[in-house]
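Quick heads-up: structures coming right below.
Both of the next two complexes hold chain A, though its partner changes from chain B to chain C.
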Partner chain A sequence: MSDRAKRRSNAFIWSWTAFVLVVVYLPIVCGALASFNKSRYFGFPIKVYSTEWWQKTLDSIEIGMLVRNSILIALLVTAISVVIATFGALAFARYDWRGRRLYQKLILLPIFFPQPVLGLALLLSFSALGIQTSWMTAVFAHLVWIVPVVTLVIAIQVYGFDPSLEEAAFDLGCSRLQVFREVTLPLLWPGIWSGMLFAFLLSWSNFPLSLYTAGADSTIPKWLYAKMVAGYTPMVPALGTMATLGAASLLLAGGVIGMLARRRRLA
Partner chain B sequence: MADVAIARLPETSAELRKARALSLGARCALPVAVLLGLGFLAPILAIFGYAFATPRSFDLFRSFTLENFATIFSPSNTVWVSFAWSCGFALFTVAILALVAYPIAYGLTMVFGRAAPLISVLFVFPLFVSENVRLYGWVLFFIKNGVLDGTLKWLGLPGGPEVLFTPGITLFGMVYTYLPFMLFPMTLGLALVPRDLVDAARDLGAGRLFIWREIELPLAMPGILIGMLLTFVLAIGATAEAKILGGQSIIVISHDIEIAFTYSQNWPLGSALAVVVTVFIGALTLFALSRLDLDRMLGRR
Partner chain C sequence: MLQTMPAPLPSSTTDAASKPILQLVGVRKVFGGFAAVEGIDLDVREGEFLTIVGPSGSGKTTLLRMLAGMDTPSEGNITLHGELINDVPPNKRPTCLVFQSLALFPHKSVGENIAFPLKVKGVDPAARKARALELMKIVRLPDNYHDKNVMKCSGGERQRVALARALAYDPEVLFFDEPLSAIDYKLKKTLEKELKDLHRETGKTFIYITHSLEEAMVMSDRIGVMRAGRLVQVGTPEEIYSAPVDRFVSEFVGEVNTLKMTRGPDGAWSSPDVPGRFVLGRPKDGAALSEAFVVVRPEYMRFLGPSESADNRLEGTVYNEYSLGSRIQYQVRVGEKVMLVELSRARALSPGADPNVVIGWDAADAFTLGG
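Now for the complex of A and B:
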């Protein structure tokens, strides 16, 4: 391939990617614009900008409850899923055992399954068992989908991990617990950290599972949907934009902390 | 006989103990397996149970009837229309996404270099924004007097096209929502293509099209197929796009299931529909996954 043809194809790839990224972020920008519109109904170009709806959203007690629910669910999902998924990832990628092939495929099934159908199936099972749906059942529903994702994220880290380091620690007389704490965990830490970020943010933004399994308790995406279908107010884009900014700052902070930790370990 | 039995006993019990004591890997897998057993397999079992219960009843495993399936497959019922729409949307979504994502996946593995991690993060981030927030952003973009229409009018043009609440915009919404699910498996697949092999083929005088068709595409195929399967399966079950962007101009299959579960309170019928979808998706997924080596896909770094 001549250099010119290569340059041309690279230019195409760069511009196509840039275009798709613009399209990906366009609706998020539209939501942010709508949240700063003073009038109750959206019209573009915006005549008067104001932060009135942001203020109203921040002051609303109802929305405060939603945010608390969403954070509570996401924190619990993160804490539980990271423990389960760390062991799950070791079973996925580190150890050779008899059921491993089957287990690797089983873990993918919830990811390859439409969430609205999973949510309804869970709702049906909860009520067949006589369990009242609430934010707690939503935590369980989120786990069913998020644990497999986090397991895969951590498993990628496990694949790049040298088992002889663990064996060396055993040979030097470490107990199993010591090896896990002093060797395995520190080596897997970057994967576990990304897994935690994934768990929190996927739970934070989840809509289909919360819709069917949270019962009377509402989360941010669930409330937004209810208002989108009936009863638009500019608080909808305002809260949506806040949730997006929250996720972005968490991702940014998580990335920076991860980078600093890596640098400290290398130093 | 007795001697043989006595002689064999300790050996068998030792074997038994060995078989019973779970290996380290199995013990690590246990929490995940329990969670998925209770939270994934059991609910699917429950919908299978309900699917064979008397219509409009709540007697799980207490009655057996094929009536629900008869209702679904009877020619007077129009549920197959929803199913056909869902399948059609899913097929188009997969085809469009394959074309949209391929250049980006190629760029992420071969062209972007040091910028690749940042660009990946930019494509991952929308997954952390609820799909209904992003889809509603498109409503604000396309709606009358919205961002597109308003801008065009402001420029003195006649205004934007009325695309909202049509099947086309539903398809667009699906393509938009499921882009990351095509992009990342595809990138993993393309990362499996050894660069030296491509370079060697080029040195031997192979043309670009030839390299693409004979080397890149076949070696990246596992990843591309996973991406296609994943987007297809997720698009089959998608509802938010048809509800928010499509304004329910089209009823997709998951929406039908939801209606049966909620408004019409006919759980057995809803379950039977869910079973049809699950069997369809499950057969596809299990077939594809059985031919896949996950260690190779995820392990190569």
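Now for the complex of A and C:
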């Protein structure tokens, strides 16, 4: 390729990349801008900027409850789904048993269900069983959808590791438990770590399942929706921006921790 | 034992004195209707270096996995010091397997890998490190490798780590599943010799699996040749080489000239492939055959000058020669058949010599196999 053609192709690649990034991130930036608008209703150009709505959001007791609910649900979903998914992934990818292929398909199926339908189905099931819906039923609902995702994430890690490592540990005197603690768990750890991040963030941002199954309890996405339908204030974009920033910093921190762990291991 | 012939070498009689450490009687392994291992009887002597060699799919890895406890025999018995160990799991056996992939723990350093069996046993960290450094000396790894990331080691270094880790377990029997198969030729030669030295120094029983007979020949006290799940011959490298029990073993062991022979009504042997009459050696089992294969190794074939004679002779044309380093191999076309003649370089044909040659061999240098 001539220099000229190369320069042109580089220019094209750069401008295309920039375009995609703008399309992806501009709406988020708009949300953030809207939250700094002093007036109650959104309109461009913004006449007066203010942090008033951020302050109100931070001070609101109601929003504090929402955030607590969302965090509580996400933490529980993370803890439970990672345990189920780790063993599920081993069954999924490692051990050969009758019905494994069917299991592999069934476990992944909920990922492709439309979530509102899944939420409705769960709500109907809860009421049929006479279970009062609350944040606890929302945890269960999130698990139905998130466990398959986390299983898949960890299964990728399981596929990437040589089963003879476990055999070798067993051969060198380990009990089954020692094999798991000394070899399986440390080697699956990167996958488990990303699975945990996935679980937390998917639960944190889930709206349809929470809408149907959280009952009287509200979560951040549920509240955002409710306020959009009735009673908009710039607290909606403010909380939305905070939730996004929270998720982004969690992701960033998770990535950095993962990278540091890997670097320490490879030292 | 499948060996039916009295062994011609003294080594087998001296070895017979040492008692078997591992004994296999009628061991079979069936995977969903397919018998990977089909009735193996074998005595492994204490302290010997036994190599099981066979083409891929011959069942040698399955056999090894049963010995190491990772698979259970479908039938038959495996005993260690006379105790049945068929169902004893690997972590309860005083044996250790060096995997083909080596199975080094990528999340542990060289020292942590080596000391792993000690950690499992609950040995304290200081003693573990001391022992790891000791073992590193034995396998010729420098001390400063103790904290090195095992994935940053070269192929040869990883071999040594795997070996040291197995030794740290202090097993009575060490198994090897083709650990040298992915190593380049020159390093392989070095590691083969080191492994043999290590065997002598430790006095442990080594059972080694490979598809490379060359590897087996260099290291082993005894070799077992496997085919289709069976051990077809067990013997010293010398026995396997010079007295193979059948065509499969003879051809597996190296390049050979094989000629089909039939006995005419007058009792004389002739071949459907090449002209002439032939004198055969006695078949191994002494049976009276009407059809046989005569097998001559290329190094026992000679070019015959006008005044030289041999029990058997063939006229042919040299059409190719290969340098094998210290030796030269000639391909000689005799009718439709290609015969191989191997000479030391010192005795090579002079360049420009007449390609029409007479080749020959003595009956005593050939072996005769039935069907």
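Here is the rule we use: the second predicted complex is superposed on the first by the 249 of 267 C-alpha atoms of A that agree within 3 Å, B and C clash if a C-alpha of one lies under 4 Å from a C-alpha of the other, contacts with A are read in each partner's own complex, and residues count from 1 in each chain.
The rule we apply is simple: contacts are C-beta pairs under 8 Å (C-beta built on N, C-alpha and C of every residue); 3 or more make two chains touch, one makes a residue touch a chain.
Treat the numbers as computed from the prediction; the structure is a model and nothing was measured.
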**Study point:** Clash or fit (per the criteria above) of chain B with chain C on chain A
**Key:** fit
Practice item. Could you say whether A:191 touches chain B, chain C, both of them, or neither, answering first, second, both or neither? Key: neither
Practice item. Scan A:88 for contacts with chain B and chain C and give back first, second, both or neither. Key: first
Practice item. Report the partner of chain A that touches more of its residues: chain B or chain C. Key: B
Check your understanding: If you stack the two complexes on chain A, which partner ends up touching A:42: first (chain B), second (chain C), both, or neither?
Key -> first
Check your understanding: Now for A:206: first (chain B), second (chain C), both, or neither, which partner does it touch?
Key -> first
Review point. Touching A:171 in the superposition: chain B (first), chain C (second), both, neither?
Key: second
Review point. Which of the two partners, first being chain B and second being chain C, lies in contact with A:107: first, second, both, or neither?
Key: first
Review point. Regarding the shared-chain residue A:162, is it in contact with chain B (first), chain C (second), both, or neither?
Key: second
Exercise for review: Tell me which partner A:183 touches in the superposition: chain B (first), chain C (second), both or neither.
Suggested key: second
Point to revise | After fitting on chain A: smallest Cα gap, chain B-chain C, Å | key: 14
Review point. Which parts of chain A are touched by chain B and by chain C alike?
Key: none
Exercise for review: Would you mind writing out the residues of chain C in touch with chain A in their complex?
Suggested key: 68-70, 89-91, 95-97, 99-101, 103, 105-107, 116-117, 119-121, 149, 151-152, 165-166, 169
Exercise for review: Enumerate the contact residues on chain A facing chain C in the complex.
Suggested key: 162, 164-165, 167-175, 178, 182-183, 186-187, 265-267
Exercise for review: Spell out the residues on chain B that touch chain A in their complex, using ranges where they run on.
Suggested key: 23-26, 28-33, 35-36, 39-40, 42-44, 46-47, 50, 60, 100, 103-104, 106-107, 111-112, 119, 121-123, 125-141, 143, 145-147, 149-151, 154, 176, 179, 202, 208, 229-230, 233-234, 236-240, 243-244, 254, 257-258, 261, 267, 270-271, 274, 277-278, 281-282, 285-286, 289-290, 294-295, 298-299, 301
Check your understanding: Where on chain A is chain B touching in the complex?
Key -> 1, 5, 10, 12-14, 16-17, 20-21, 23-31, 33-34, 42-45, 83-85, 87-88, 90-100, 103-118, 120-125, 128, 140-141, 143-144, 147-148, 151-152, 155-156, 159-160, 201-202, 204-208, 220-221, 224-225, 228-229, 236-237, 240, 243-244, 247-248, 251, 255
